[in-house]
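In the two assemblies presented below, chain A is common to both, partnered first by chain B and then by chain C.
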Partner chain A sequence: MKRPVRWHIAVFLAPAVLIYTAIMIVPLFGTLNLSLFNTGPDGVEFVGLANFATLFGDPRWADAFWNALGNNVWFFIVHMLVQNPIGIALAAILSSPRLRMAAFYRTAIFIPTILSFVIVGFVWKLILSPIWGIAPGLLDLVGLKSLFAPWLGREEYALTTLALISVWQFVGIPMMLIYAALLSIPDEVLEAAEMDGITGMSAFWKIKLPLILPSIGIISILTFVGNFNAFDLIYVAQGALAGPDFSTDILGTFLYRTFFGFQLQLGDPYMGSAIAGAMFGIILLGVCVYLFGIQTRLRRYQF
Partner chain B sequence: MAQARISWGRTIAAHAILITWTVIALFPVFVTVVNSFKSRRAIFADPLALPWPEHFDLVGYTTVLKQGDFFGYFQNSMIVTVVSLFLVLLFGAMAAFALSEYRFRGDMLMGLYLALGIMIPIRLGTVAILEIMVAGGLVNTLTALILVYTAQGLPLAVFILSEFMKTVSDDLKNAGRIDGLSEYAIFFTLVLPLVRPAMATVAVFTMIPIWNDLWFPLILAPAEEVKTITLGSQVFIGQFVTNWNAVLAALSLAILPVLVLYLIFSRQLIRGITAGAVK
Partner chain C sequence: MRKTYLTALLTSTLLAGPALAQTTLTIESWRNDDLTIWQDTIIPAFNAQHPDINVVFAPSAPAEYNAALNSKLAAGSAGDLITCRPFDASLELFNQGHLADLTGLASMANFSDVAKSAWQTDDGSATFCVPMASVIHGFIYNADAFAELGIAVPTTNDEFYAALDKIKADGTYIPMAMGTNDQWEAATMGYNNIGPTYWKGEEGRKALIAGEQKLTDPQWVAPFEQLARWKDYLGDGFEAQTYPDSQNLFTLGRAAIYPAGSWEISGFNAQATFKMGAFPPPVQAAGDTCYISDHTDIAIGMNAKSPNAEAAKVFLEWVGSPEFATLYANALPGFFSLNSTPVEMQDPLAQEFVSWRAKCQPTIRSTYQILSRGTPNLENETWNASANVIRGSETPADAAKRLQDGLASWYEPQKQ
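Entry: the complex of A and B
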């Protein structure tokens, strides 16, 4: 007997698959396709990988590209070294049993994450501004005024400062995810460890940390994808030119300037697509490294 | 005795660390809100002072409400966020149900295909999305934004919700089938109510990037009448800011709605993430 066609499966899947395919997958391939064309002597023509060769090798483009990529890597490193450890530490403290006001702390620490980039960029610019001067004033209070510098205005500090602002904003996400992972560790496991005399800090390092490693892996890859797509904070704080002197230019702002043009620079959809294609490749590479190099080695425990 | 002292010390240290970070997290918000209630002179003279009666001033708020089309921006943001959120949750849950409940040819492949979008950001397709929207005459409409955000939110929603739906008991669903419920009725009346915490998790993670997005409003809908609040707040931030009161008031007002939405969902949030998927 032949089973009847189960139309309801198609009905359940159709809206999601249609919208996702039409607005996400098709444009993604459209972009990749566009990056293989450029304007030639007789209109738009197929140029193969020439745009990428220009992007990576031609000094007019390559300097800006490698600069943006380098800045982006540093942006990511700061997040991995500062945001995720702080997030894990806060989650570990929050998850300790019988902690009062845990819900309050959790909400308060998560609030920056829900703020828009416009607010974040503007407020931090005000606080760090040498003119309005909340930061210099506060440093003066503790007698450290000599340490103050216009952090957002100096080439050597601006990128790190912005990365730290972004850390401040997004630390709530690793905190929430790790907190949830820590809560899901069964009490029996911790009690058994306690019987063996493993408590406090050593319980964290020896029992909890190995158990939450898969979550840390997910957070790392989410951080990676998020950072290599970052755009808004830099745009709001430093403008599309990512000043001073492109020292805060990352791939997102570079893509925006190239594709849409800015001030004297004309928009170039073909080179813009090539940059988007390069970003696509970088993210795919990172995700593959994670999926095949790291995730398969993580040991998962079932409770 | 010694045990008790150690645990006291530990509790105090824990609170000290948490309070420190809470202060760091809230300080910029505090600065914005406090100064939005002060006169211009007081903002500059003493940025950290509370708005005591002598320099309490609502001029910022009155300017914002009179000048820019603040309510218009606010309404646009609300429409875009709520409609996209609704579509993501509905379509995401439907697809998740199909993937977790039925075995059919290519179900694994379909799951992988839909999960691909978690890793690859939709922004990289911007160039082609703009072309599609131009072709469809959707540039400068809220529909364009809603479509993009729905597509953007679906992958994560499907992923998290299908993990959760696997935990809904088969016996319950089969009991429903024996009672003659259709597959649609089983989904809407039995399964959906049971995955409410997961829906809240998805709602928070979907809502934040939509409300705060600057990229797609800037590219797809920069016209005055369809501006979102995130883009609209930039009106008050010129390159050479003149009206500080208005800027601070606009920003304070922009914090409120998303905070309220977050508080509504957050009661379910921790329960949501703990119970499955992202652990």
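Entry: the complex of A and C
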């Protein structure tokens, strides 16, 4: 007996596959392809990996690239160390049945996430402005005026400041995901633990945390991809030259400057594509490390 | 019956079409601030003479203009008339065949070679945009504050710093309104404002292009040394001060001196409630020749693929006329006409700026012609270096050396 061809699978998959191919996969390969070309004496010609050789071999390009990558890594570290722990802590507090007005806090903390980067960048620039900002005044009220510095203008603070602004904006995302994961833990498990005398903080560390580890893993990888694709906030706050002295230059702004050009610098789509290719490689590598190295080892529990 | 009616309707539409048809010209521009001036002043004046040509001014945001224009030209959807950035951005468009050759335009005779140089091929054989205006750099000051503190308008460098010291000692005003957050202020209103005095304007600029001078020569390092001194006179937290912050500090009367470009004039006139004056970049010793940056900034060209080339040329001839020059210079004080015919201007601040043309040697920004063609881009590097020098994170000598190394890495005449 012949099994009927299951056409419906193809039909149901088709819309997603077609759209995803058209707007993601084709441009991705188009960009990777473009990175193998450059303008030569007779117009555009195939140069193989020469663009990548320039990017990593020419001291100017390499310096700019490693600077951007280093800044990007720091940007990611700040998110991992600040955004995600705070997100988990907020979720744990919100899921506590004794907290009143939980829905209000949840909404208030999540609202910045839905704001545009332009608004966030502009508002924080105003708050932190040494001239009109409220930050110097607020610090003055608590007698800490001496701690104020024009953070966005100092090489040593600017990137961390921007990373923290980004944390403020996006802390709602880990909070929501962890909150959902915490709610899905069955009460029986917690009640059984309570019978064994595990309550309060130790219930969180011993029961809840292991159960939400897969969610934390997902959040980490989302943070990683998001941070290495970041561009908007830096561009809005510091401009395409990512000042002061390129101390806030991340891969996204470096790519933008190269690809589209800036002021008198004409755009170079070929070197720009090479940078985009390098970014793709970095993100792919990070995701692979996570998928094969970490996710497969996470233990899952079924209730 | 119904069919006849429809036919009649269609026929009348078809017949009415050509009778009403006017050529419509669309202008691409980055000057979105000037939209009302074009709509209320310039286009009506043009239509008074050429009622058959309809002109639409369609600007986009300055920061997006170059990218947006390039994509529109590539897609064939750009307007008939293209506002031209100076030098390489427009030259590239001409070389790609997007801008038409306008060398034969009769009104080109109204412009000097210097005025046209920003929109010509390197050998000067083809001109592709009609020059519209230049901007002049200098310093705008709060005249009320100067009178209150008893400060005379400085002409030499020593007087300049003496004035700054006096304002600082008094403490009522921030001596100078400038920040390093946006970087370009430091380069454009700092380095390229005071620089020509040291590298002797065109002489130094041309020698640099020819490879006879280097950015590490004393006359090219000196402007950085001056900028390094400015740090003490800027407001608290100038590192995070943006360009609009600087403008507001000055127009609110909180700062006394503003390193300026003349394009600020109309905005400042509208905002400031005090009397303003202007002085050119101070010279080193009394009696020295002064040099000003009189930078060719804006021109207008024709889309080579425009279907309305004839009408566009009529418009461009008019843009090259003395009539347009008077109209434009007065509608937008601070954008000075490049037309050889002298233009009467009403605005006192604009008159002050333009009067320097008579006593000082004009030049254009040193980084704009040819030198910003390669990677690293000299203009962008200069922004970064100027901001670093003012912040004190790089010494003038180091900054100059970095710029020179960058330039020499790709520019043949500087490779020795």
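As a working rule, the second predicted complex is superposed on the first by the 291 of 303 C-alpha atoms of A that agree within 3 Å, B and C clash if a C-alpha of one lies under 4 Å from a C-alpha of the other, contacts with A are read in each partner's own complex, and residues count from 1 in each chain.
Simple rule for what comes next: a residue touches a chain if its C-beta (ideal position, glycine included) is under 8 Å from a C-beta of that chain, and two chains touch if they have at least 3 such contacts.
Just so it is clear, the model here is predicted, and its values are computed rather than measured.
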{"item": "Touching partner for A:Asp268 - first (chain B), second (chain C), both, neither", "value": "second"}
{"item": "Partner chain in contact with A:Asn229 - chain B first, chain C second, else both or neither", "value": "first"}
{"item": "Winner by number of chain A residues touched, once chain B and chain C are compared", "value": "B"}
{"item": "Contacts of A:Leu90 with chain B and chain C, given as first, second, both or neither", "value": "first"}
{"item": "First, second, both or neither for A:Phe260, with chain B first and chain C second", "value": "both"}
{"item": "Contacts of A:Trp132 with chain B and chain C, given as first, second, both or neither", "value": "both"}
{"item": "Which superposed partner A:Thr296 touches (first chain B, second chain C, both, neither)", "value": "neither"}
{"item": "Chain B versus chain C as contact partner of A:Ser146, first or second or both or neither", "value": "neither"}
{"item": "Chain A residues contacted in one complex by chain B, in the other by chain C", "value": "132, 260"}
{"item": "Touch list for chain B against partner chain A, complex", "value": "10-11, 14-15, 17-18, 21-22, 24-29, 31-32, 44, 47-48, 87, 90-92, 94-95, 97-99, 102, 104, 110, 114, 116-117, 119-129, 131-132, 147-148, 150-152, 154-155, 158, 182-184, 187, 208, 211-215, 219, 229-230, 233-234, 237, 247, 251, 254-255, 258-259, 262-263, 266, 269-270, 273-274, 278-279"}
{"item": "Chain B contact footprint on chain A (complex, rising order)", "value": "6, 8-9, 11-13, 15-17, 19-20, 22-31, 34, 86, 89-90, 93-94, 96, 99, 101, 105-120, 122-124, 126-127, 132-134, 137, 168, 171, 176-177, 179-181, 183-184, 200, 214-215, 218, 221, 225, 229, 231-232, 235-236, 252, 259-260, 269, 272-273, 276-277, 279-280, 283-284, 287"}
{"item": "Chain A contact footprint on chain C (complex, rising order)", "value": "66-67, 70, 87-89, 92, 179-184, 235-242, 245, 248-249, 367-368, 372, 375-380, 383-384, 387-388, 391, 393-394, 406, 409"}
{"item": "Interfacial residue positions of chain A with respect to chain C in the complex", "value": "60, 125, 128-132, 149-155, 238-239, 241, 243-246, 260-268"}
